[in-house]
Amino acid sequence: MTNDGRPTLRCEGLSKSFDGTHALQNVRLEFPSAGIVAIIGPNGAGKTTLLNVLTGFLRADGGRFFLGERELTRLPPHKISRLGIARTFQDLRLISQVPVLENVLLARPNQKGERLLPALLRYGVAREEARNHEEAMRWLWFVGLDEKAHEAAGELSYGQQKLLALACCLAAEGRILLLDEPVAGVHPEMISQILDNLRQLREQGRLVVFIEHDIAAVRQVADTVVVMDEGRVIAQGKPNEVLEKPEIIEAYVG
Amino acid sequence: MDYAAHILILTAIYVSLAISLDLLAGRMGILSIAHAGFYGLGAYTAALLVIRCGAPFMIGVVAGMGVAALISLVVSLPSLRLHDDYFVIATFGFQMILFSIFTNWMDLTNGPMGIPGIPQPVILGWRVDTHLEFLMLAAIFATASCLVVWRITTSPLGRVLHAIREDEVFAKSLGKNTLRFKVTVFAVSAALAAMAGSLYAHYITYIDPTSFTVMESILVISMVIIGGAGSLWGPLVGAVVLVTLPEALRFVGLPSSVAANLRQIIYGSLLVVMMMFRPRGLVGNCGFSK
Amino acid sequence: MTTQIATNILNTAALYLLIAVGFGLIYGTVRFFNFAHASVYTVSAYVAYAAANLIGGSVLFNGVLGVLSGTLLGGLTEVVVYRPLRRIGASSVVLLITSLGILLVLQNALSLLFGDDTKSLQSVASAGHVVDFLGSRITPVQVVLLGSAVGASVLLAVGLRLTRLGTVLRAVANDSSLAQSVGIDVDGAVLASFLIGSALAGIGGVLWAYNTALNPQMGFTALLMGVVAAVIGGVGSVSGAIAGAIFVAVTQQIGMWFFPSEWQDVIVFPILLLFLLVRPQGFFGKPLKKATI
C-alpha cells in the first residue's frame, strides 16, 4: 500500500437517499493511491450506491469526491471513466452477442476510429485497430481468456465473464478499479485466478477497490477493509483487526 | 422503358431514405418520426437555392445536407439525453411543425402551391436530362448512402453504436460519451435524408408539402422494419418491395387513389404482423427482437 | 372580448386535456408511445359523422356511437395486438412500431371510406343555439366539451385515489412486475386504462368534430398537442395534465397575437424544447427516467 504522490480518490460527506431511505449518510473515505481495499457490509449497506456515486452513475444529494485536487462530483460517467477510474457491475454488463475480443476492443480509449470522419475515410484507422488488437489480446491473456477471444461473450461461463469485465477495465486503462462483487457466484477455481489477478494489479501499482460478501476472499487479498452499514462507514483498517471486532461480527455474520 | 426507369429511380431514392433511417433506428435503436421532414428540408433547400439563387446542383445538395444536419441538433440536443419517448415526442412534433412551415411560409416555400420548375441537374457540364441518365445519378446517390452507412457500421464507430444499443450503461462505463454519438448519428441520418430529398426535387421538378408528411415518415419506417432493421440488405429489400408493390396493384386494375390507400393498409398490416411473428423482418438478422 | 378569448382558450385546453389525460393513463400502464391513440380519436369522429349522414341520428346518438366505437377500438388493439406482444416480451420500440402499423391501417381505411377532404359535422347543437355567457358566445357542444374535460379529470383524479380500480392502476403504473407478483391482474388493469383512455379520446374526437370539422389528419395534431400538454404539465399527473393543457392553449392564444393563426401549432414546439432542456418533468410530474442503474 503506497501513497506516492499520485492523485488519490477520496470522498467527504457523501449522502444519497431514495424515497426516504438513506442509502448513504455522510460517507467519508480516503483511498490509497495503490493497493487492494475491500468494502464489506450487509445488504442495503450502501456499498453499490457508493460505487455508483463515485463513478458518476448516481448523483449524490450532498458531499463531494475528488481525484487528487480535481473534483469529480458533478461529472458524467464517461468523463470519470476517462480519468482512469474503471468499474464493473454487480449484474455483469457486457455485449453478449459479439466476440470477447470485441468487448475488450470497445474498452480501448481515445480511438480515432470512433469519430465520424476517420470512420468514413479510414485514415490511419487500420493501424490504430492493430495496436488496440495487441493491447486487447494482452489483457485477455492476463486474465486467461486469450483462447476464448473469438467466442461470443455470452458463451462464457459466469466466472469467465467476470474476468472479461476485468479485462475491459484494464483495456480502458483504468488505474483505479472499482469492482462490484468480482467473485460472487463464481466457481472456487476461478476465484483464486481472479484473486491472483487482483494481486498482480496491486503489484502494477493500481488501486483495486472491491465490494464483496465473500470474507475468505477479503482476508486473502485485501490490505484494508472498509465496513459499511446503513449508509455509513462503521469501521476501517487491516483485515485481521477489523474482522475480529465483535460489533462487526455481530452486524455482519462473517 | 421510361416507366421501368421511373420505378427504379424512385426505388433508389427510397433506398437512400431507408438506409439512412436504419442507421438511426436499426443500428442505434432510436426511432425518429421526423425522417420525412429532413427529406423535405433537403428538397426545399435545393429547390430554393437552385431557382432563387441560381446555385449549381451539387451546391444545392450539399447545402440541403448541411441545413438538415444543423437543424437536427435543435431536436436532438434537448431530447436525446432524456428517456427515448421524449425523443419520439420531439421528432413527432418536429415533423408536424416542419410540415406546417412548408405549408404556411408562403414567401419562402409558396405554401400548398409548391415550387414548380425545378431544373434538371447539371454536374460539371453533364446535363442529366434523360430517364436513364437520372437513373445513373440516383444509383450513384443511393450507393453513396449505402457506402456511408456501411463504412460507419464496420468501423470502431459502428462498434460503439452497437454497444450503445445493446447496453448504454456499459458503453458509458467504458468512457463513451453516448449522447455525442447519438447526436452525430442523428445528424448523419438527417443529412442523408436531405440528400435524397434534393434528388427527388430535381427528379419530379415540382415539390409541395404533401410529399413530406408524418405518413411519409411512417412509410420509410415501414420499409426499414419490413425489410429488416439493423442490416444493409434489410432497408434495401424493404425499399424495393414497398416501392414496387403498388405498381403490381396497378396492374390489377385499381384506380390509383384506391391503390395508394390500399397499399398503405397492406404496409400497416405487414408492420403489425411482422412485429408479432417475425420482428427481424424479411431479411434482417436481429431487429428489435429484444 | 376578453371573455371570448378566455372561452376560446378553455375550449382548446379542454380538448388537449382529454387527450393528455387519456394518453397519460394508457402510457402509465404500458410505457410505450401508443400512436394508435390518434386513430381512436379520428375513428370516433368519423363514426359519429357516418351515423349523422347514414342514419340521421340525433347528436347524442351519433356522439355516443362514436365514443363507443373508439373505446371498443382501443380495447381491441390492446387485447388483439399489444397483449400478445407483451407476452413474448416485446420492447417498447416494438410496441411503438406496431402502433404505427395500426395507425397506417386505420388512417388509410378512413381515407378510403370517406376521402381526404375536410368534412363538416355542423348541427343545431353546434351552430344553432349559441349561448351568450358573460359577453362571449359559446355553443352547446363547447359546453359539453368543457364539461366532459373537467368532469373526466375530476372523476379520474378522485377515482385513482379512492376506488379499487384506481389503486390497481396506480400500482401497475408504478411498477408492473411488482404489481403482478402481489397478484394484481395487470392485464385487466391495462385493458381498463385502454378503455378509459380511448373513451376520453373518443369524446374529444366527436366533440371536436362537431365543434370544427373532420379530416383524416385531425388525430395527429390533437395527439401532438395532448402529448405536449402532458409533458409540460408532468406525465402521470392529472393536475399536471390540466396545467399543461391550459399552458399550451394560452401559449397558442398569445402566439396568435404576434403571428398569423396558421402558425399556432408551430409556436408550441419551441416551448416543448425549452421544457425538455430545463424541466423535463414538467410542472408537476416526475421525469421519465432513462434506464440507468
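Per-chain numbering from 1; labels A, B and C assigned in written order.
In this text, a contact is a pair of C-beta atoms (placed from the backbone, for glycine too) under 8 Å apart; a residue touches a chain by one contact, two chains touch by 3 or more.
Note that the structure is predicted; figures quoted are calculated from it, not measured.
Chain centroids computed from C-alpha atoms place B closest to the centre of all protein C-alpha atoms shown. Interface comparison, A-B versus B-C: the pair with the greater number of contacting C-beta pairs is B-C. A separation of 47 Å divides the Cα centre of chain A from that of chain C. Inter-chain centre distance (chain A to chain B, centres taken as mean C-alpha positions): 42 Å.
Chain geometry summary: the mean Cα position of chain B and that of chain C are 29 Å apart. Multi-chain contact residues of chain C, defined as those touching 2 or more other chains: 292-293. Touching two or more other chains at once are residues 169 of chain B. For chain A, residues touching at least two other chains, in rising order: 57.
Only residues 32-33, 81, 84-85, 89-98, 100-109, 111-112, 220-221, 224, 227-228, 231, 260, 262-263, 265-266, 268-269, 272-273, 276-277, 280, 287-293 of chain C touch chain B when the two sit together in their complex.
Across the interface of their complex, chain C is touched by residues 29, 31, 74-75, 77-79, 82-86, 88-90, 92-94, 96-97, 100-101, 103-104, 168-169, 214-215, 218, 221-222, 225, 258, 261-262, 264-265, 267-272, 275-276, 279, 288-290 of chain B. By the touch criterion stated above, chain B contacts chain A in their complex at residues 148, 151-152, 155-160, 162-163, 166-167, 169-178, 181, 184, 188, 286. Residues of chain A that touch chain B in their complex: 55, 57, 76-79, 81-82, 86-87, 89, 93-98, 102, 105-107, 109, 111, 113-116, 118-120, 122, 125, 128-129, 168, 172.
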